[in-house]
Amino acid sequence: MPAWVGRIARVREIPVAVAFVTLVAITAALNPRFLTPQSVKDLMLNATIIAILAAGQAMVIISRNVDLSVGSMLGISGFATGAIFAAFPEIPIFFVFLAGITVGAVLGAFNGLLVVTAKVPSLVITLGTLYVYRGINNAWAGGTEHFSGDRPKAFSALSVDTLFGLPIITLLAFAVIAVLALYLGKFRSGRDYYAIGSDPEAAMLFGIPVARRVFTAFVINGALAGLAGVLFASRFSSVGARTGTGFELDVIAAVVVGGVAIFGGSGTVIGAAIGAFLLTTITSALTAVRVDKFWQQAVVGILILSAIVIDRVSALRTARRLRMSQARAGETAAQGGSS
Amino acid sequence: MSVPTTDQRAPWRRLLSVVALGASATVVLAGCAGGTTEEADPAPADDAETSVTTEEFSITFIPKNLNNPYTTVTLQGGEEASAELGLVYNAVGALDAAADSQVPFIQTEVQNGTDIIVIAANDPNAVCSALEEARAGGAKIITFDSDAECRDLFVNQVDQTEVALGQLRQLFDQIGGTGEIAILSATANAPNQNSWIAAMRAEIESNPDYEWEIVAEVYGDDEDAKSFQEAQGLLQAYPDLKGIISPTTVGIAATARYLSQSVYKGQVALVGLGLPPQMKEFIKDGTVTAFALWDPSELAYLAAYAGQALAEGSITGVEGETFDAGKLGSYTIGANGTVIVGPLLEFNAGNIDDYDYISF
Amino acid sequence: MTTTNVASGIGKSRLWQRINLRDVAMLLALVVVIVLNSLARDNFATTTTVGFLLLDVIPIMMLALPMAFIIISAEIDLSVASMVGLSAATVGALVLREENMLVAAVVGVGVGTVAGAFNGFLVAYLGLPSLAATIGTLALYRGLALVVIGDVSVGSFPEEWTGFVQARLGATGVPIVTLAVLASIAIAIIILHFSSFGRGLYALGYSQEAARFVGVNVNQTKFWLFVASGFVAGLVGLYWALRYASARSDSASGLELTVIAAVLLGGVSIFGGRGSIPGVVIAVLLIATITYGFRLQRISDVVLVIITGALLIASVVAPSYFQRAREWWRGLNRHKNSLAS
């Protein structure tokens, strides 16, 4: 089964990777300034936060769940970052990262606990926590916003300075995504998620600790949302009660565009990350090519739909190829047996 | 294959259903029977002048949305004035600034018989039908910050044209009168921004000193991340851009943040309306030379005094009338029921440190 | 656990068989909320409240009906709010171009219906998963609304139309348009609970293959469900534009999650195959009443948001815990009985 899964996963990433490269190529052809060092840096930075969120969400969706509360979790973590720096200006940056990730992990754990113990659909639970966490964010922040001037220069510099040509926070995102992809692809316990997403009952019968895995997925997703919140505070000017509102649908769109099946069981974290890059780049590309501002959102919608259709077509084709090859294998086995 | 049913509990369930239906029916009937018509008590305008004791009027502020610093500062002024005047003060609002979000809150004020409603309209049309109901019940309506038609007075921080001209002046001081410029606004249908931008365009047309070419007008939707990305897009799409005007505090901060981290810092001038505590770091690091705003608390402070004057009948909203506005002095109503609070406040390196009082 | 779903699902689409403990509990909760609010504030139990509350609740109530159908058949439509916005924007754009109001209204509703049909085509005939497809159309339709109406807010609707939408029925305070809503609810109940089409939806929600087996035309059914969703969204868009006298590209932005939350609160299972219209209606009224009551007492929306979320979570978690508690209790009894015998 492992090699089988691997091959499918690779096939699913190709459409979105090709789309991404095509988009960049066409846009650069129409406007060469799209690929100046500043622009490339901007593209990478833009995609970083959504890519991290998409990676975590991919893990949740692969296990046949969904987490709609990521935007609210990011908001709480982002505001917490701002609040911590405002209260303790000398605090080491590492501690703030730790705090943000922990906050996110706790919120994710609450989601996971409810989904796993109450055995209720994650869409419902996380829709509820979307509201509850947003309410908590508002209750805590009120009308206060924390501005980037109150955060250490070194912290903000993480979103500006580069290492090996890549912005630091993007390197961080790549590292996180790589670790997650490795875990899901190469480790036995990671591949369990695909089994759970394909057929939860069979997975349970097979001996996979479904509850523990699903709970872990939500905790990791929450931790990544927390990390994304800290990075948001590093990159943007202000964090407050409204931070992160509406991110959830963008993240799910990125994951879906990246080839992760919404019903679980297939797709990869890398694909989701590419999907995130694709979606954030589309917006910048449309502006760079001077598409009428009133048409930009409609074009994004068309592109999301195209990505889903292409993904569906390629998945169907793969399934058909598999069925045919399995049928052929069955025939040859039968022939071999009967001769 | 018979379908198993849970009939053991069916009798109990049916009994409970009957009880529930009966309770609902009782509530509905009680509502119909005891329902009164209007309960909004009208402000006793006729008697106020002759009576010796002043009525304690109620005032409710409905800002665009509650959870942002600008609103917090604004309401401080309103609360201060209400305390000075002895008004019963309330502030309500939604957590988002959608066109329809304020209507339920206006309805509440109608029902609670509030005497003075001070509102910053998210949409000039959507709020009117509810506001008209409030007026029919005797309430006085004052708009501030963002106008609608169905009101007795509009308290405007700075004259519309002056807001536009001030920003253009600041831009002219930095880059001269020629070059490509762009505008980064809030949402596509934001009434204040649209009226300021219209005034800017008119001024650029008519003023011979201003020969800029406005190459783009983009919308950041008052969201940090979106405004940030729109600013990036502007600089990519228009390599010869010399200046950006952003008449929205979220937009200017996001643009400043982008510029200060990028190669464009110092090469592209940025002006607009910004919050001093938020913009301070950009003045200090040289990204922004000057920006403008006003003291939001003065808006609500003035509105409260105007509301008191309206409610007690000493003014009716006609041009030329004057009223007392506490620590701000005396004010005269201008054309179209508008009261201008004061001049544009301009901030630069010289005075940015003085403005920490607008603190959050 | 799926087997108990089957037992309580199949063959039970008759209305009275579907009124279960959950709906009754919700109805009692609604009554309690009304009573508490009336005690807390003497201007709550008035005709004014009834009028305002019903005007506020109509969009969600109307959208919840086709949404319930769609979720029961194990799909979802996240694009409803964008379809409302697109319809409202179309109506506004036409009015702006001096079109006859009736024409604008018909075209607006038509646009909504076409949008729903496109959703139906994507899900039923292209076989795209509805969650993903409707996220795409959510963005597309919202974008088209911007294309159609641009950056203006249209408010110049004829008085007869805006007045009619807000007009009340005599002294009861009930808006006249409520009658249309009641009719829609009645139609929805008849279709879902008293027709074979409705029974087919439950079958579809339980298992697509099983539904095909019993003769349900899966593709056609799904297609028409999404068309219905679009049609209702078109009507709501028209209502929205008239009621607020404001048509904008962002009209009704974000409404889809509120509608889905209300439908889920009403007992419709996100897995499909379970739920009833009365449950959904009660849930919508419950949320609306809580919201109205809070706002009347000027309780902050922050509290409201948290309570709405908590209510949604509790509504699914509590029955599950009760179920397990009951099974544990029954397991104990059975054990006792087997020991005794």
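The first chain written gets the first letter, and so on, giving A, B and C; residue counts start at 1 in each chain.
Heads up, the rule we're going with is that a residue touches a chain if its C-beta (ideal position, glycine included) is under 8 Å from a C-beta of that chain, and two chains touch if they have at least 3 such contacts.
This one's a predicted model, so the numbers in the text were calculated from it and none came from an experiment.
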Furthest chain, CA centroid comparison against chain A: B
Between the pairs A-C and A-B, the one where more C-beta pairs touch: A-C
Centre-to-centre distance between chain C and chain B (centres being mean Cα positions), rounded to whole Å: 32
For chain A paired with chain C, centre-to-centre distance based on mean C-alpha positions, whole Å: 29
Averaged-CA centre spacing for the pair chain B and chain A, given as whole angstrom: 35
Residue numbers of chain B (touch at least two other chains): 66, 95-96, 219
In chain C, residues with contacts to at least two other chains: 146, 150-151, 254, 301-302, 305
Sites on chain A at which at least two other chains make contact: 134, 138
Residue numbers on chain C that touch chain B, as the complex places them: 7-8, 10-12, 19-21, 24, 27-28, 30-31, 34-35, 43, 45-50, 52, 56, 146, 150-155, 162, 166, 171-173, 240, 243-246, 248-254, 291-292, 295-296, 298, 300-302, 305
For the chain A and chain C complex, residues of the former touching the latter: 66, 114, 118-121, 123-125, 127-136, 138-139, 246, 249, 252-253, 256, 261-263, 294-302, 304-305, 308-309, 312, 316
For the chain A and chain B complex, residues of the former touching the latter: 31, 33-34, 38-39, 42, 46, 134, 138, 141-145, 147-149, 156, 159-160, 232, 235-238, 240-243, 245, 280, 283-284, 287-290, 293
In the complex, chain B residues that touch chain A: 66-69, 71-72, 95-96, 216-219, 223-225, 228-230, 232-234, 236-237, 239, 250, 253-254, 256-257, 261-264, 277-278, 280-281, 284, 360
Chain B - residues contacting chain C, complex: 3-6, 13, 16-17, 19-21, 23-24, 27, 30-32, 34-39, 66, 90, 92-96, 98-100, 103-105, 107-108, 110-112, 123-126, 128-129, 187-189, 191, 194, 219
